[in-house]
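You will see two complexes here that share chain A, one where it goes with chain B and one where it goes with chain C.
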Partner chain A sequence: MNDRQILTRDLLVLFSLTGWGLSLPYFGSDFMVSMGLTCLMYIALSSSWGLFCGNTRYLSLATSAFFGIGAYTCALQLEQLGWAATIALGAGVAAAVAVVMGAAVLHLRGTYFAVLTFGMTELIRHAVTYYEKSVTGTVGRVLTVVPERDTIYLTVLCLAVITVGLSMWVRRTRLGLALVGIGADEQRAQTLGVDTRWVKLLGFAMTAAVAGAVGAAMSVRWTYIDPHTVFNPFIGFQTVLIALIGGAMTLWGPLIAAVVFSLLAETLRLQAPQVYMMSLGLLLILCVLYLPAGLASLRWDTWKIWRDDIRAWWKERRREWTGEKERDKRRAREQRLV
Partner chain B sequence: MSEPKHHHAPVAKPVLLEAREVTVRFGGLVAVDAVSAAFRAGELVGIIGPNGAGKTTFFNAISGVTEPTHGRLMAAGRDLTGAKPHRLAARGLARTFQTPRVFSDMSVLANIEFGLKFAGRRRRKWIFWGDEVGVPWALRDAAGILKLVGLDAHAGLRAGDITPSQQRLLEIGMALSTRPKVLLLDEVAAGLTEAEVVEMARLIRRLRDELDLTVVWIEHAVKILVRHVERVIVLHQGRKIADGPPQVVIRDPEVIEAYLGDEMSEEARP
Partner chain C sequence: MALGAWLELIGSGLITGGVYALVALGMNLQYGLMRILNIAHGEFLMVGAYLTWMVHTAVGLSPVLMIPVAFLVLGVAGMAIHFLCFRRLVSTSPNLDIFEARGLMVAFGLMFLVQNLVSWLWGGDLRGYDFLTDPVSVAGAPVAGNKLLVFALALLFSLGMLALLRATLLGKGVRALMQSSVGAQLVGIDTKRLHPMMFGLGLGLSGVAGCLLSMAYTIAPSMGEPYTVTALIVITLGGFGSMGGALLGGLLLGVVEAVGMHYTNPSLKALLSYAVFIAVLLLRPEGLFTRKTRKA
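Presenting the complex of A and B:
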């Protein structure tokens, strides 16, 4: 397939998925809509995470910080501003924080970067908690003016579609190429003319803007928010897990994994919460070991390779158990002696 | 500050790149100690020195990869000390790395296109370097560059799958894709077979002769280098101990002293 065909295919897939997403509130139950909402939220979060962190291999754990910033922006401003303006503001504030944060930590790589982004998330969370307690004397915020269920759903759907579209578009631009180059060999990319500092800042801010917008849109779903709900590090971890399991460098990987996750989460969490967490962990281990490029790299051939591997393994074990291997070894030894 | 001496070049061409008393210090260790060197347009200069002489560190310092502790870096009369590699690349300074650092998950062609899309993008002309000349035909597009380095038959392969010596050629191709005026080559002949070394030297001469590039070529093995360059700079323990035509330099007692114990000194004689 050439470039143009791939673009057409991706656009068609996105278009049809959007259609399904749009129709859900009209035939689905409340439960299904709520599940769809979580799913869309993680599609937006992990797609945008994969766009920057997956391509550049800068593992950021700060998603929950930007999500929380968006949520708080919404809680504080929703009554003054309109719905759309609030979401745009959430994205803007999160992106601004990301620029400051990125300027401080984006020259670090690997573990240091991951740990520092996590540290900053905790710092922001505790700063907000402290501010609530000692300055305003509150624990959380109650959102009194809340939009309709369908408005929230359509907004998050819109954000998810925009994110996937953005991801598609960026991958075709020089910015996307620069991000991939930074992930492959940052110094080499720099000597070939990539202004790595700005590219990284821009990419990081883009990821943060999506997380901020999603946070702003999702905050109204809870009607009551406090720092521990919206800055919950679990949101950040789950985003990273989804992106990694789906294939952080791919376009559709995070989306596929987000759907799998939401289905798993909703079916298992209520009946058996431990089983849910365990299956999450198991899925991650299996993906890292056998599908390093994520669920999106799964092809028909992958199954065949696995099947052949298992068959070969089984044959070897059988040879061992029947004593055939020992006999062969002994024979080889005898022949050498002769 | 004294001008570096040049024993050659009857017709003085403009100095494109000049290092003035460049010093690089890592903690207490002085890796490069006040090295000055000027590279004129169209020159083919070799830098030699025993292991640990500071050759690569000097390269890093003049290509922006490491910031020098002291000293200045001038490009065509402009002070570019402390400029980041991407800025130097945009100005027309390209380099290769000692171990090929190709983007192994991309195709050979995509590796070349990368540089063309960034540093090489707007460089249709070499305006900055003073002489407004069009970029050579050979560097017009990725196909041309691949043909120049002899990898046109492997354009579609994954860069990680080609042989190490082909990766070296690709590394040079990537440097050329920034459409440079000055090319810094870091041990491009290391680990190649005799025949491949001859090919490599021929390619480097062509880059200078046909594309009019200024080439600075580091090599650990003296023997290969002195045969092909017009001027040699010798580094030893971070200092510059000689600078001149190869025939003169390899008879320099201080150079022989530096290479004593290194198998090169006798072999180096033509």
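Presenting the complex of A and C:
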């Protein structure tokens, strides 16, 4: 397929998926809509994460910070501003925080960057908790004026579609090429004339804006928010998990993984929450070990390779256990002596 | 403030700092040697604490006797984990950067797995037992006996670990591997044997730390994560891969927390340690105690 055909295919897939998403509130039950909402939330979060962090290999754990900032912006401003303006404000505030944070930490790479973004997230969470406790004297905030269920659903759907579209568009521009170039070799990208500092800042702010908007849109669903729920590091972890399991470098990987995860979460979480988390951990380990490029890289050949690997392994074990290996070694030794 | 009160404050900081140092040493060993940043380290500490609690309440064995048991159980578990996960990761990763990122992800998976396994098996309640709760007077200040024992043992194990690395042939091999893994292999150091062993040793140390903690504090499945974060902070303070730095950093962080909490208030403890952490990472990413000229 050439470039144009791939674009057409991607657009068509996105279009049909959007259609399915749009029709869900009309035929689905409440349960299905709420499941769809979680699914769309993680699609938006992990696609935007993959756009910056997947391409540049900067492992950011700050998603939950931006999510929480968006949620708090919404809680504070929803009554003064309208619905759309609140979400835009949430995205703007999160992006502004990301620019400040990015300016401080984006010159560090690898583990330092991951650890530092995690530390900053926790710092923001504890700072908000402390501020709420000692200055405003509350633990959480109650959102009294809440839009309808369908409004929330459509907003999050819209955000998810925008994110996937943005991810498609950026991949086709110079910015996307620059991001991939930074991921492959940052110094080489610099030498070739990419202004890596600004590219990274822009990418990071873009990720944060999406997370902030999603946070603002999702906060009204809970109607009561406190720092512990909206700055929950688990939101960040799960985003990273989904993106990595799906394939952070790919366009559709995060989406596939988000759907799989929402289904898994809803079926397992109520009966056995610990089993759900355990399977999450196990899946992540298996995925990193055996499918490092993510679910999106799964092809028919992959199964064949695995099958051949297992067969070869079993053959080797059998040779060892039946003593065939030892005999071969001895024979070789005897031949050398002769 | 009187001198006695200062001593008491610094003493209580040192006691928590001793445990921090022990946890951080194990984690630093794994990172410095194999570039595995084991985010699940605190979870294994929690497993050690639960093991001790279980055996102590069921059989009545003294927690002090449980120290070698916890060390052995977690050491073997560590070797098994290295055999199952990280051995394959080393052989399939194209370069060290990618290995580090993948190792971090595997450790995240381990964290979810272990933490939820424990809370599934034993439930999420707070647990604890009484052990040596009578206060002992040290230089005029009363200190709980169990905390003093915890501090002494944590310091003993930390210093033992440092001595092992400095004075023995095994330690020399490990330090050589830290400096240059290719060079170490060239002079005949067996990486394939040393790596699982050191990973097991690191986890064993976390098991010991968990065992010690269960003597003085209540335990819960979620207790591991704060210690992981603290260990990360300590490692950053001391410099990634520097053992003496981790020991000093742990004690220093304990004291900073105790003094800071005294002057502000206890709910600022987490905020304070994160602020220290971020400040150090931004201003001196190579650690407080390393010289600038040496490359990390």
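Note that in this section the second predicted complex is superposed on the first by the 338 of 338 C-alpha atoms of A that agree within 3 Å, B and C clash if a C-alpha of one lies under 4 Å from a C-alpha of the other, contacts with A are read in each partner's own complex, and residues count from 1 in each chain.
Going forward, a residue touches a chain if its C-beta (ideal position, glycine included) is under 8 Å from a C-beta of that chain, and two chains touch if they have at least 3 such contacts.
As the structure is a computational prediction, the values presented were derived from the model and not from experiment.
Asks: Answer with first, second, both or neither: which of chain B and chain C does A:V194 touch in the superposed model?
Replies: In the superposition, A:V194 contacts chain B only.
Asks: Report for A:L177: first if it touches chain B alone, second if chain C alone, otherwise both or neither.
Replies: It touches chain B, and chain C stays clear.
Asks: Go through the superposed model and pick first if A:V142 touches only chain B, second if only chain C, both, or neither.
Replies: A:V142 sits against neither chain B nor chain C.
Asks: Regarding the shared-chain residue A:D185, is it in contact with chain B (first), chain C (second), both, or neither?
Replies: After superposing on A, A:D185 lies in contact with chain B but is clear of chain C.
Asks: Could you look at A:A332 and tell me whether it touches chain B, chain C, both or neither (first, second, both, neither)?
Replies: neither
Asks: Looking at A:V275 after the superposition, I want to know if it touches chain B, chain C, both of them or none. Which is it: first, second, both, neither?
Replies: The answer is second: A:V275 touches chain C but not chain B.
Asks: If you stack the two complexes on chain A, which partner ends up touching A:I310: first (chain B), second (chain C), both, or neither?
Replies: Neither partner.
Asks: Residues of chain A touched by chain B versus by chain C: which partner has the larger set?
Replies: C
Asks: Examine A:I6 and indicate which partner it touches, taking first as chain B and second as chain C; both and neither are also allowed.
Replies: neither
Asks: Give the list of chain A residues in touch with chain B in this complex.
Replies: So the residues of chain A touching chain B come out as 174, 177-178, 180-181, 184-185, 187-197.
Asks: Using the touch definition up top, name the residues of chain B that touch chain A in the complex.
Replies: 63-65, 84-86, 89-90, 94-95, 97, 101-106, 114-115, 117-121, 174, 177-178
Asks: Touching residues of chain A toward chain C in the complex: what are they?
Replies: It comes out as residues 57, 59, 104-105, 108-112, 114-116, 119-120, 122-123, 126-127, 129-130, 133-134, 237, 240-241, 244, 272-275, 277-278, 280-285, 288-289, 292.
Asks: Would you pull the chain C residues touching chain A in the complex into a rising list?
Replies: 37, 85, 88-89, 92, 97, 100-102, 104-106, 108-117, 119-120, 229, 232-233, 236, 240, 267-268, 270-271, 274-275, 277-278, 281-282, 285
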